[in-house]
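The structures come next, written out as structure tokens.
Each of the two complexes below includes subunit A, the first together with subunit B, the second together with subunit C.
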Partner chain A sequence: MGKGKPFLEVLASAIHEDYRFPFLEIFAFLYALGTFVFASFGVSITAIGATSQAMATANEVIAYGAVSSILSLPLLILIILVFKNIAYGLGSDLEKGIIQTYFSYPLKRWGILTAKLLSALGVALLLFLGIQISALYILAPDIILPQLGTVFLTYAASLSYPLLIAGIMLLLTLKLRRGGISLVVGLVLYFAMSMVSGIATIFAIFTENPVSLQIISAISPSLVLQQYYIASLGDFWAPALSEVLLYTGVSYVIVAAVFALGYTYFSRRLNL
Partner chain B sequence: MKRWTTVLGRVGTVLIAISLALLLVSLIPQIQMSRREGSGPLSPGGIRIVFNQQYLNPQQEVQVAVTVEGTLTVYLLEMNVEFQFVNGTFDYRFNVTDLQELLQEHPDRVIWEREVENGDYEWSYIPTRVMNATIVFYNPSDSETAYVEYDVALKSSLAPRDKVRTIAYFAAPTGIILATPWFLNVWKQRKQK
Partner chain C sequence: MALIVAEDLAKSYGKVVAVDSLNLTLDEGSVTGLIGPNGAGKTTTIKMILGLLKPDKGWVKVFGQDPWDNTAIRSMIGVVYEKAFFPAHQKTLEYLQRVCRIFGVSESRAMEVLEMVNLQEASDRQIKALSAGMLQKFAIAHALVHSPKLIVADEMTANLDPQARSELLEVVLQLNRDEKVAFLLSSHILPELSRVCDSVAIINRGKVWAFGKLSELYEKYAVGIIRVTTDSSYALEAEIRKLNYVKGLESDIRGISVRVVEGKEDELYEDVPKLAKKIKAKILGIETGSASMQELYRLAISAKERK
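This part shows the complex of A and B:
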């Protein structure tokens, strides 16, 4: 048996467990419907007036507004799917001893975890981004094609924090060997961010000091991106594109570090 | 069951789910945002602005219905015209000279141009980006007055209905073709059990 075959076996088994019929179809239906229902070009129009103080051009603001509008509820649906896959998919495999069966395959441990994450995260992200970007292209090709950079940057900035929580959940699930608690922690962390960023925003506006927002942007760069495109918090913080890219890069370094910890724990410390 | 049958089958069922969502989107009725009706003569070489929208977005559609006696050129232009107060009435700050200048110097701003003569006509337009839009009637005749009756409606929808429906009509049968072998296999396996 070649090296690729056991990897495909684990991947196929993980996909089969994570996306039982008709869950994948229901999520695809919700993403497609949600994208059109939540798409709005109106928000960006009011923002065009603010471009004089923001750093972006009007077309970039329109593209950013359109992507932000379709990210609202569909992103929450994606997060629920990913959290469910990691907490319950991996958690139940650990609880039921299925992972031990995988360990008997001629495959390194990191290969097994990669297959599980490809199913839990990769397929979910592929479905989500594929449907959303295609739907945006159907709606407004002349906004999306010339502003592909803005579209991808908005997705990258918005997905960074959910991916960080997914990484934390992976660590927790591996440590506790069950998914229930890590799922609760993941959901609490996700909703806590909106409260923390709200407090940080009030603090920054009153003190006219963006430090609190800059700290949060390092783990949730959608905040710096919003300030770059629509400057909704005022002119005390006018980040340049390089600053947005820096914060997004830093956030992904943190995400990569958390996943690397997960891989290290799974490969070296996980005793079953 | 062969793995490829399962993969293609699930791709097919996802395609069916997406096309159902698209069909549902196309069935949600449009909302009328504004409507402008009017009629009257248009003198030789004269123009009339019948529609002006500062921001027309891809979720909006302009529907134009015109009945003409005489000759008329209808322009959909990508521009915004301002209102001004002249001789006790409000009117657009745009005249024949401005139109001719725009046609010569900025032909890229003409989204479409229709020459019509004695009859009923209907058009619609859905933009693919956020833009300004103005519909102008122009009587190109040197001597004949044109009589025009028009109805311009601005409607809002979730997505361009025809485009979305066409994609659904292609995606659904493709999905059914891909999913059928998988469904048959699953059914056979259940029957055996």
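This part shows the complex of A and C:
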């Protein structure tokens, strides 16, 4: 018997299921719609909104504004797609026994999970970034190209929260092993986290104490990034670039820890 | 060489003990049946053998190795689950070709295995469009793709019609005879198992209550069996049970299988009509005969329970 390609085949099978017609078409359309439609307005509005308290330069602020204007809606679409693929997709695979079928192939458990995540998350991200980068290059090359560092940092800071959500969804799904229930619990959790974040922001503004914002920034560094570039929450917290980098780094460490937990559980503890 | 060795295997789900101190050995080239009632622990045992569940206690070795996350073992085992599930939106032949690539075998094998289970006409159908019986056949074809040395099947024929069952059992016999493929088959359809199995493990309440070659088990549990056919099995059973030379008995709607101490068969022939007269039951027949697999199972269970 020759050596097969179990990883690539399981990945192809997972992609086939996750992005079967019309899911890929619908989500690609929504990404494109959210990116291109909002971009034309977002750049100018955000640029105008830049305040004098911000720590960044004007060009950086404009680049940040351009990126964040095309990010907001597609980021929400990304989260919905990840919810569909991880909570519903992986959850249903666990519930119905498809993972059990994959476990009869000569592929390690971590390889099976990687294939599933690459399909659920990797392809969704690739689609998201592909359309985003194309849009930036087409719509505002003169703003973006000189500020690649700002662009990269904005994406890095904005994506860690959806990735954290994906990691938490993974843990929930592995524990619940029910597609529908995982989806509902995940949505509730997502809205609960958003509410906590909102309350923490309001609390910080009223008390003029940045501690709650700093805590939220550790899991959602787009907040510290926003404060760094446009200081929209007021001048009681003026984070430096090093702080932005620190919070972004910490958020990715948390994301990595959550995924590591998911991998460990899947590989060593998951009884089917 | 033993393909599967399980020793002192135990698994609980919360307070429910599914498998308790289970010992089992499966030899190369054998067809072993795992029989037992619902909830006996068959599926849990199979899942531990396949490395899907970690035992709470004891150990299991498959091809001499721990099956948990073991890719080498997976290349040598074909698996058929009680409820077969595959990525629903892929076509049967295309998915099996994918499985061929996974195991590194020629893609032409996909059609071969579909033909083996008589499913070639559904080769262009999406998996989700298969009926329950066809899906089960597909699962069997899926298990055969890489020509495994051992096939572990949990209620393999559960969703099949009688003809398909018969055809499939032929496939089992043929694979065992010609290619020396070993089988571990769990089923509650006992006559089927007696047709293909050379060994049987009777599992109940998570333990193997009897295990061995079918001939040995018949010799051990089914010698001295007398079948009494009557119109009131359960009433007569209560009377026969009082006889001190009766070693075991099982009754069903049609009659009673009585196992007596060796040499006491004639006494039973004399006593049964008297007992029947006493309770006004009608005796339709008394004959010495060999036990069916069903009776063997019952006798083994009742013998163990008496201990």
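Here, the second predicted complex is superposed on the first by the 253 of 272 C-alpha atoms of A that agree within 3 Å, B and C clash if a C-alpha of one lies under 4 Å from a C-alpha of the other, contacts with A are read in each partner's own complex, and residues count from 1 in each chain.
By definition in this document, a residue touches a chain if its C-beta (ideal position, glycine included) is under 8 Å from a C-beta of that chain, and two chains touch if they have at least 3 such contacts.
Owing to the predicted nature of the structure, the values given are computational and were not obtained by experimental measurement.
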Please determine, from the superposition on subunit A, whether subunit B and subunit C clash or fit. fit
Scan A:V211 for contacts with subunit B and subunit C and give back first, second, both or neither. neither
In the superposed arrangement, which partner chain does A:G97 touch: subunit B (first), subunit C (second), both, or neither? second
Report for A:A12: first if it touches subunit B alone, second if subunit C alone, otherwise both or neither. both
Once chain A of both complexes is superposed, is A:V253 in touch with subunit B (first), subunit C (second), both, or neither? neither
Touching A:S267, do we find subunit B (first), subunit C (second), both, or neither? second
Using the touch definition from the top, say if A:K108 reaches subunit B (first), subunit C (second), both or neither. second
Smallest distance from any CA atom of subunit C to any CA atom of subunit B, in Å, after fitting: 5
Subunit B and subunit C footprints on subunit A meet at residues 12
Residue ranges of subunit A in contact with subunit C within the complex: 1-6, 9-10, 12-14, 16-17, 20, 96-98, 100-101, 103-109, 267, 269, 271-272
Subunit B touches which residues of subunit A in the complex? 8, 12, 19, 21-22, 24-26, 28-30, 32-33, 36-37, 39-42, 44-45, 62, 127, 131, 135, 138-143
In the complex with subunit A, residue positions of subunit B that touch it: 3, 10, 13-14, 16-18, 20-22, 24-25, 55, 57-59, 127-130, 158-160, 163-164, 167
Which residues of subunit C touch subunit A once you look at their complex with the stated criterion? 47, 50-54, 69, 71-72, 74-75, 77-79, 81, 83-90, 95, 98-99, 101-105, 142-143, 146
